[in-house]
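Lettered A, B, C and D in written order, each chain numbered from 1.
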Amino acid sequence: MVTYVPGDTFDQALPTGFVELWGLPINVTSRSPYSIDQNVWGRSCETGHLEDIWEAPHDEVWGYSDDPAAGKPAEEVTISFTDGLPVAIDGRPRPALQIIAELNALAGAHGVGRLDMVEDRLVGIKSREIYEAPAAITLLAAHEELENVCLERDLARFKRMAGQRWTELVYDGLWFSPLRESLEAFMTQASKHVTGDVRVRLQGGQAVVTGRRSAAALYDFGLATYDTGDVFDQSLSKGFVELWGLPSKIAAARDRKVMSA
Amino acid sequence: MVTYVPGDTFDQALPTGFVELWGLPINVTSRSPYSIDQNVWGRSCETGHLEDIWEAPHDEVWGYSDDPAAGKPAEEVTISFTDGLPVAIDGRPRPALQIIAELNALAGAHGVGRLDMVEDRLVGIKSREIYEAPAAITLLAAHEELENVCLERDLARFKRMAGQRWTELVYDGLWFSPLRESLEAFMTQASKHVTGDVRVRLQGGQAVVTGRRSAAALYDFGLATYDTGDVFDQSLSKGFVELWGLPSKIAAARDRKVMSA
Amino acid sequence: MVTYVPGDTFDQALPTGFVELWGLPINVTSRSPYSIDQNVWGRSCETGHLEDIWEAPHDEVWGYSDDPAAGKPAEEVTISFTDGLPVAIDGRPRPALQIIAELNALAGAHGVGRLDMVEDRLVGIKSREIYEAPAAITLLAAHEELENVCLERDLARFKRMAGQRWTELVYDGLWFSPLRESLEAFMTQASKHVTGDVRVRLQGGQAVVTGRRSAAALYDFGLATYDTGDVFDQSLSKGFVELWGLPSKIAAARDRKVMSA
Amino acid sequence: MVTYVPGDTFDQALPTGFVELWGLPINVTSRSPYSIDQNVWGRSCETGHLEDIWEAPHDEVWGYSDDPAAGKPAEEVTISFTDGLPVAIDGRPRPALQIIAELNALAGAHGVGRLDMVEDRLVGIKSREIYEAPAAITLLAAHEELENVCLERDLARFKRMAGQRWTELVYDGLWFSPLRESLEAFMTQASKHVTGDVRVRLQGGQAVVTGRRSAAALYDFGLATYDTGDVFDQSLSKGFVELWGLPSKIAAARDRKVMSA
């Protein structure tokens, strides 16, 4: 449900009669001091007392999540991904949309997904917004950790930057830009083998990963352990470390030489 | 204090007698199953049962933080920054080192700063690590939000990428690389005017910003409000939005033309 | 043909008898002062007098190209691309390999494609190399300009950075890294519609684009002209320019305010 | 001198009487079909027959450079840099502005610095422009090669991307953005030790580096040579190469395992 706020830019853009024509569930009678947007992915709230950025959000601004400080006992949920996309919750296969809906309820009950931030609107000014996205925040935490397990290092590093660019584009209203399509081709390829299960503990506003498993993991017990059975050839380290640091070493010698000249 | 674990790579590198010579507070008698590194900025723990990445960390692995689920009442702390650096805590000017020490105690008592992740060691293998960094996580949350208020958008976006590169360099052991020095010259300039106060609420493992104020803010109530007193010239939006989307519009028209040819 | 130079790292790596077994056309009798690698894509030459980086390359180091200063009259060649790949030369459809071979002869005769540079070997040291790549340099010039015509701006900008990363990976010997595959998925999508003809003038060591045409061009005469028939709505510029510069304007006002405080 | 073209956007922006008031050397009587902008750094020309992007530029569009095909004998010039900035030409110390003026004449006489390209105007449309920048192109070639000699690899790679971002900002009219200032702080630090001489051969439209020398070079004859006197420890390579490729190797093994499962 969208709370209608006279003066909201978006609302002004609606053609007269549009809401009635489509039977949209918009509450046009309430006189909220806030401008609120919401859908299944999240809810944002701005204006009112929030415009004083030193003032903490009042309890009334929250609509998708319960108080994180309520002392609710922890719950655990396991999310399964195939090629980067969520496909099951606690072992039950579900469409992504339903996983989001279920996680909104489940994680929202623990106060997960609240954000309070000043951001840069496309038109060049800063604005303070309150967000609630219990499912999104839970999914992001789980997905990021599964990537830690399944993505090769250089790919993970570049993907972080490419993902930031994707986010900027979408925030800036350029969903239909050719760059988005090309970035998504990158993402689709990169997400192959991001397949496995992640267990998340929900409590006190936090979604914390406590376990991950994947048949496509790049984590290898034999290589990682310091224990008996270590198969990592420690003797290779000397040559690697020497050459890895060689450019910095040569530069430092140059700096000293130039400084003393 | 570092818990000495026979077989730890770092420990192997210590010359015989080094610990005794310098009187380092290293506990060489305990027989921990973990490899632990710690200093004022944080504490890491690996090996033992943590090598099974599906298993949640046992309570015994934590050393810098209390249980986030203990139900402790929230506390608030205000951190002040000048040109990007922390300079005071709750209005009391302190050196950065002392701020870190105080925040470790304060935020650690609320279980803030626990991380559990699989990461990429420089030598090319993945490893699961537990981190505790109560002060670091609290400072990062506060600092990021102050940047949201004080940094211009394009600068903030580039700085995010430059910061990621800095982190990669340092993690990869290249502290003495010339690139680090140049990135820090960027950071120093970018951090001018990142000056102000941030109020953080500590509770249940979370450090949540609830207020920010700055004489150097780019946030402007008059521009941001939708209320009476709005000084943002809404009439400018039409031209901006039309030209902002023009490249995507031309590309979409081209795609349709080519597809139908 | 590869000129065999005793001591060349690559040659050392060849198993004994490998050259004879496969009948590779390697000239093992010459005693060249240079270490030379060559294939259809290019030829590199190092060591000998080239190790003195202040000394110009002697004429004898060049093997794929004629003297650019020979005063040969200009020739023109038209290269056609489909989805970013070269598919025809002067209107004759040809496989990419044959286009490269033909361009090596054609552009090499004009001295196109010579490079003389100090570069960073993977192992951390600098080395001076002479390259000849007549076809590669001609194709890159033509392809870049066709991209200027067919790629949307934001896509072109990001592709430049992604292309740089691809180049680093390949130079660093990481052809089989997962990141290369994901970057190429990006490139494949981005290259859709990079289709058209580019006319290149070859003379005096230069490959200069003099014309480009494409049914998938984003260039639009009606929008670009200042002439009668201009369909670009100049009135939109005011709003765009005002908001485009707004973040810088707000930051400048802030800087003045803080400075004078 | 700027050739005044009625209808030029920039000219429209000049207040009435501005040209006369300041005595600007603008030729308002010529009726050129082109829109021309020029200053000491370069000259651009657009519109007229150039709007047909398949047509080669007519000879009349060029104003800063002679025909590269004129067959003029090669000339050499040595440019000296201190901390990245040009400080002398052929051993004569000169202010940067005078070096630019001298190089415009010297390199322009050899047809160096001509560009013909389709580019993306800020307002979202593509435009074909002819540029002439003899000094700029010569300085960039010399400076880039001196960086190859004096910049550490990781720094050089990041600087390339940072430089691209700087260029985008400036092209997009954001000279006064805070990001430009921070990027320049990076550049200033990175340019320390980019000090030395570069010899450039000018001929037939090309500015080709033929020699470089620097007391701050990172190039080291002893490390680079394959000859007697090689001080590079070849035995380090094995460990380096094994660990450098380890992430790709683990990923390839994973891919095969998952594929065959």
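Note that in this section a contact is a pair of C-beta atoms (placed from the backbone, for glycine too) under 8 Å apart; a residue touches a chain by one contact, two chains touch by 3 or more.
What you see is a predicted model; the values in this text were computed from it and never measured.
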{"item": "Co-neighbours of chain B and chain A - touch as defined", "value": "C, D"}
{"item": "Whole-Å separation of chain centres (CA-atom averages), chain B against chain D", "value": "37"}
{"item": "Distance between chain centroids, defined by C-alpha means - chain C, chain D (Å)", "value": "16"}
{"item": "Averaged-CA centre spacing for the pair chain C and chain B, given as whole angstrom", "value": "39"}
{"item": "Two or more partner chains touched - positions in chain B", "value": "120, 123-125, 152-154, 174, 177-178, 217-218, 220, 223, 236-237, 240, 243-245, 247-248, 250-251"}
{"item": "Chain contact graph, described as a line, ring, star, complete graph or other shape", "value": "complete"}
{"item": "Parts of chain B lying in touch with chain C, wherever the complex brings them together", "value": "152-154, 193, 195, 215-218, 220, 223, 233, 235-240, 242-244, 247-248, 250-251, 254-255, 257-258, 261"}
{"item": "Of chain A, residues touching chain B in the complex", "value": "5, 7-9, 35, 47, 51-57, 68-69, 71, 74, 114, 116-120, 122-128, 145, 148-149, 153, 156-157, 160-161, 164, 168, 172-174, 176-178, 199, 201, 203-206, 208-213, 217-221, 223-227, 232, 236-237, 240-241, 244-245, 247-248, 251-252"}
{"item": "Footprint of chain B on chain D - complex, ascending", "value": "120, 123-125, 151-152, 154-155, 158-159, 162, 165, 169, 174, 177-179, 181-186, 188-190, 243-247, 250"}
